[in-house]
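Below is one structure. I have some questions about it.
A, B, C and D label the chains in the order they appear, each numbered from 1.
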Amino acid sequence: MKCFIGIDLGSTTTKSVVMDETGKPLGHGITNSRSNYDTAALVAKTEALISARLVLLRKALERDAQLTLAIDAILEGLERRFRLAQFMVQLGNLERLCSEKVQENQARHGESDLQGALDDTFTNLKVELAKLFDPGASRKSDFFRDLAGSVYMEVAETQADAHKVNQDTLINIYDKSIIEVENIPPQVDMSETFLTALDDLLNAGEIGPEDYAEVQRTLKAVLAIELEETYVVGTGYGRARLPFPKEHIRSEILCHGLGAHLMYPNTRTVLDIGGQDTKGIQVDENGIVVNFQMNDRCAAGCGRYLGYIADEMQLGLHELGPMAMKSTKQVTINSTCTVFAGAELRDRLSLGEKREDIMAGLHRAIILRAMSILSRSGGVDNELTFTGGVAKNEAAVKELRKLVEDNYGDLKINIDPDSIFTGALGAAEFARRAVEA
Amino acid sequence: MSTKTATPTAVESQKDSSMLMQKRMINSNYDALTSAPETGRKVCSTFVPGNLNELIQCFGMINNLPETNAIQNAMRQQSGGMIQTAERQGHSEDVCTYVKADIGMMSKGNIAPNGKPMPNPDMLLLSYTGCFTFMKWFELLRQEYKCPTVMLQVPYQGDGEITQNMRDFVVKQLKEEVIPTMEQVSGVKFDIDRLRENMRRSAQAEDDLVWVLESAKNKPSPIDAYFGAIYYLGPMFTAFRGTQEAVDYYKVLRKEIEERIAKSQGPITPEGEIQKERYRLVVEGPPNWTNFREFWKMFYEEGAVVVASTYTKVGGVYDQGFRHDADNPLESLADYCLGCYTNRNLPKRVELLEQYVNEYEADGLLINSIKSCNSFSAGQLMMMQEIEKRTGAPGAFVETDLVDPRYFSAANVKNRLESYFQMIEQRRQGRMIATAS
Amino acid sequence: MITAGIDLGTGAVKAVLFKHENGKTEWLGKRNHRIRQRDPLELCAQAYDQLLAEHGLSRDDVTYCATTGEGENIDFRTGHFYSMTTHARGAIYLDPDTTSVLDMGALHGRAVKTDSMGKVLNYRMTSQCASGSGQFLENISRYLGIAQDEIGPLSKEADDPEVVSSICAVLAETDVINMVSRGISAPNILKGIHLSMAGRLAKLLRVIKATDGVCLCTGGLALDSGMIDALNESLDKMKLKVEARAHEDSPYAGAIGAALWGAYRHQKLQQQEALAQAS
Amino acid sequence: MSTAEIIKRCEELYEDTHFTAAREWKAADPSRRVIGYMPVYVPREIMHAANMLSLGILGGGDKLEVIHGDAYYQSYICRIPRSTIELGKSGRLDFVDGMLFPSICDVIRNLSGMWKLMFPSSYVRYFDVPQNYKDDVGGNYYVAELQELREGLEKLSGNKITDEALRNSIAIYNINRALIRELYDLRAEMPHNVSSNDVYLLNRAGMVLPVEEHNEILREYMDKAAQQDNPVRDNCRIIINGSFCEQPPLNLIRSVEMAGCYIVDDDYMLINRWLLNEVPVDGDPLENLAKAFLHESADSAAKYCDREEDVGQYLLSTVRERRAEGVIFAAPSFCDPALLERPMLTERMKEHEIPHISFKYAENSGQMQPIREQAGTFADSIKLWS
């Protein structure tokens, strides 16, 4: 079947959407942006195609399968197993690269039992990380880097002590290797991995033999469908570096506008808070951008700000919002300079403010800046759609709702669970239209 | 604020005679300045907006404009170093870079753009029109040169009109402060008939200049009324208003443009003629000088032509009917000073822009907001909103600086312009679809 | 008499002990704790007590406990001196040839011109924007997978440093990522960052008119030899006849200065008291 | 009331961005009008004579959340116009009948036009002052400007502003100015009893209260403060310069004092001390106001200095009078007048070997640590070595 692909190469994450001929999004893929843009785009696209297969599988199952278990449960299990397999391949890469680093290190410093420490670290790591893919487990992030990283730090600390090696060396070896791991293009053979994942499901007893046979048959049929990459459009902050000809590139403003329109045809205003920019976009009834404003050259108060805060507090990005939601008192934070965020945080803590209150203050500060940009772009007088990574953060959303209500009245605010893909969705639609026209 | 005059980077391939003429004129003024120690002529430093060239000429003095020097230095990539020299001496990074470029140039031996030492001025004529920075600028220069300094305070048109009290005040200062100082410095007695003569010539040249600027109402426009027009304004805004040379120059220029219109030709750019006019824009705000050509290129590459700009009115808003009036010489000089673009209040500036967008049938308004210049920049975001509201044409906003290379971020500006042009294009298509269906 | 100096920085807590006897000054001991995610005030107390314990002393044995850096809120201090005052004094102690001091900390850079007694003659801090701070370098090297003590040696290997143009640290981070994607080598990136930081710091020196002599670098970044090299290059390029140096105990300069000024202040106060009693 | 109670009242007024006190004043009598004005100087006597309250608008401080205001300004413009717009857009100034924008810089000048566009029904005037100090040149122009203002206000209030009323108002403001001078003298004499925090807040109260009430508060505070016996701290004496428009957060003023500096003079709210001497009450009142402006007014960067040798003299004489040991140039970020003037002033300080430092702030600066550090080092160096 014909597929249209949009790729949004953002400053922190790279997103991709696969769309069918009718304009329906089939699949979404996301990865963290990295120094190799081609790989980032490729990974995102591959992920989107994987998710498209899952969507097709669901449809096929819904259409004609007779199953004892709920489709949701089966698909969830299948995807989980699939992710685990993917993850383990990367972990294997990481281990191999780390070992190489240890060898080099040994050659230079002859340090005692570095290899032993590393081996034990990975033995532990595999156990710990596999738990993340247990049924019902929650993961702090979607990206290998974050997941492996945080657990590695913990495990390495104890192993370093146990083997009497320098903890910093161990961490440094990881830091070096992770970059290389990320820049290895996707290696997993999709069909094979899916089928193995299904086998694993069977072996683990999470699915019965009758269902297994039924699903396997459908899965094979779905995997046999050819997804033809008819047209690809790139957008986002890094779009100029994508290996695409100029007519395959669209400004991210247009893509966000169109993407938001596709999700919510009645929206007239779009707020996008990404990693290092904040945009206020006004669109007309056809999703055509009529006005936009973005932050100036200072990146204060953008998504990366939250990243710094999360680092500072050793939390995952997912955890910031929930923490801020616990706040009971308003703390005013004025500087939204991203780099000083940590300093401000420490300042406040030393003044005796509570973490959750400061956190709420920080979220409010970000949204205040966004409100100015919205106001600059012409304000809000109809449905507002909030997109970009920060829209995933409930505390940010809460502040936005409050401030929009205070300033513009009780308006409808749309937040799609897939809001981070808005730009990619717009790009995919542009791809579709390019062929249609 | 001032205008670019010499043309190191100008249209080498298309040496129109007007181009050569204006280049010769500008150079001749620098030669007159640097040879002043030999010729014994007196040098009067003053500013472009509200410059009293006709009067200065009456006393045989040479007109030196520090803004123009800063621009010349910027185009030769010299200004960055000069600004840093001034900042090192304790000048704040926040203030107007013209001032710092001027002060830096002084510290670096005050070498004129023609490579010869610039003589110290014999008087500073602080015709204080449209900007408070001027006042402090000349206070700073006075400290250095210790020469007679005369303040001509030009009241601001707070209510958007010139009152009799304002006019009387300026005339009185001309009579009691400016003219006596000029007589004393130059040793020449004031001759009002000579002034009338100069003003008569001014008015002639002004007629032709207005015709040239308004030629942009043609489609395609034969001129670029922002980047290209900078060259056309050189003589009028600097030391030539009121001279026969200026009268001749504008005649020649007008001829050339008449020919272009007859042939339906677009504007000339450093890389030749614009083949297809795709976007017609009105621009508010001074240009950036350090990357003048790079900036211009972002426009002509996309077929964007500026059809009207306010910057070309800083040295006099002639297209709104004002002419130097030989019959009322001093009152007319007062009205000239009082009427300069940045001496008009914000509502008047908005009205002017509105008129331009409508009369020149522009696709939109672009604001190049200059970090240095609060006189221009404070309030521009509101101007943009007003224009959008009144005309329905979309606005866009880019931020650069006059002569400080540190504040020109090409990638950033290009990103915005690209998005803007794509948006105009998309809106057009949208409109076409809407009208078709 | 025993005096203590505690420097509470944004990145680390440094504590030192000094003994003053018969006009002689002896440096007893030092401790340096990275703050990481801990409570800085508690960490100060901890570092202080551990240091005292190492020398068989208790808080009561200390005549003057002086804080510096962000230590105004430490409750057990006797007095507080501000960073630039203490770094100047500490620098003179570590290197008597010093005529100016650059304190290169995690967030701020400070330049101080001093006389031979540690008296501050002129000073300046970097402004609010955080680009080109130690923190930034730390983040980038982490991204590049480079350990702190490798930064210096790597930076020295650079052959064609790539300058970071962004004024903002966040945008600069993306700049760097772009560089990696363009295949710029780590040494060239690091050296580029070093150079842009060095440029700023050298400018500070010029602003305070420290145009010749020895500039002792203090603070954590002083241990980064690549930074010192870049600084000397920048100074050279600006035609300043300043020689930038570091001392292995450079990170302690603030704490040392605090302990020494503490002693000075104590004596001054005693003299005043004696005078008051005499009259 | 004790001094603490007086200051508490002043602090409440300062923090009240809804201007409740002024609202109540106006509500008490339907014929009353309120005119807002921005720093530096406007002739409040004329408004007073028309039975109007002149309300000083000094931005939003560090508590006001600025949303719409930010939408109108690029990042390289100071904060005060944004927060002022925020005050207007958020309805906090809806009881204000007119606004005066004195000629101080391009930002405020342009703001006057923005205000016209934003609030078309309000009385908005850009108040131009002379930069030529000759009676028959700048003076004539200024008297005519004052007259225009007078007529505008007459129309707005429906009250005739008689010469008699003007003379009366001048007399009342003469008292106010005398009291403020006394307050400054008192602080310079006993900075341990009269803290800069207090002086600042007392000054601020004068922005929002009727002058008669302000006079009472000042009197009462000074009588009480002089009798206090606070411990004298080992601080140095400094002067703040450059803060005449956008105000620093109160925390900054406190931080400077905490870091070891007694502020013995400053240029906060210059309007309270703009006219240096008593304005004569007999004769033509407008001419008297004009003459006082031309010949006997405070110096500030917003004014043209017509003689080169006079540049900085005002500051130097304040240093001498107040026995100050140093000057802190504290200007708002992006403040053109203050920052352009600064190199000329520091030059003078150097010539006279007066220690000085400079820094910038914003009305919502949150991080005081760099400020404390710079002021603290300054104080350290004065204390340890001078």
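Just so it is clear, a contact is a pair of C-beta atoms (placed from the backbone, for glycine too) under 8 Å apart; a residue touches a chain by one contact, two chains touch by 3 or more.
It should be emphasised that the depicted structure is a prediction, and the values quoted were computed from it without experimental measurement.
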The pair of chains with the most residue-pair contacts is B-D
In angstrom, rounded to a whole number, how far apart do the mean CA points of chain A and chain D lie?
-> 52
Averaging C-alpha coordinates per chain, one finds the centres of chain B and chain D separated by a number of Å equal to 36
Chain A to chain C: how many Å between their CA centres?
-> 39
Taking each chain's centre as the mean of its CA atoms, chain A sits from chain B at a distance in Å of 50
Would you pick out the residues of chain C that each touch at least 2 other chains?
-> 70, 128, 167
Residue numbers in chain D touching 2 or more other chains?
-> 71-72, 74, 360, 367, 369
On chain A, where are the residues touching two or more other chains?
-> 296-298, 335, 340, 343, 376
Considering only which chains touch which, how would you classify the arrangement: line, ring, star, complete or other?
-> complete
Residue ranges of chain B touching chain C (in the complex, touch as defined) = 88, 90, 406
Flag every residue of chain A that touches chain D in the complex, lowest number first.
-> 296-298, 332-335, 340, 343-344, 347, 368-369, 371-376, 403, 407
Residues of chain D defined as touching chain B within the complex = 71-74, 76-77, 81, 101, 103-107, 109-114, 116-118, 125-128, 130-132, 134, 136-138, 140-141, 144-145, 148, 301-302, 304-306, 308, 311, 333-337, 339-344, 346-347, 360
Residue numbers on chain A that touch chain C, as the complex places them = 11, 33-37, 168-169, 172, 174-179, 237, 241, 276, 297-299, 302, 304, 312-314, 335, 337-340, 342-343, 346, 349-350
Flag every residue of chain D that touches chain C in the complex, lowest number first.
-> 259, 360, 367, 369-370, 372-374, 376-377, 379-381, 384-385
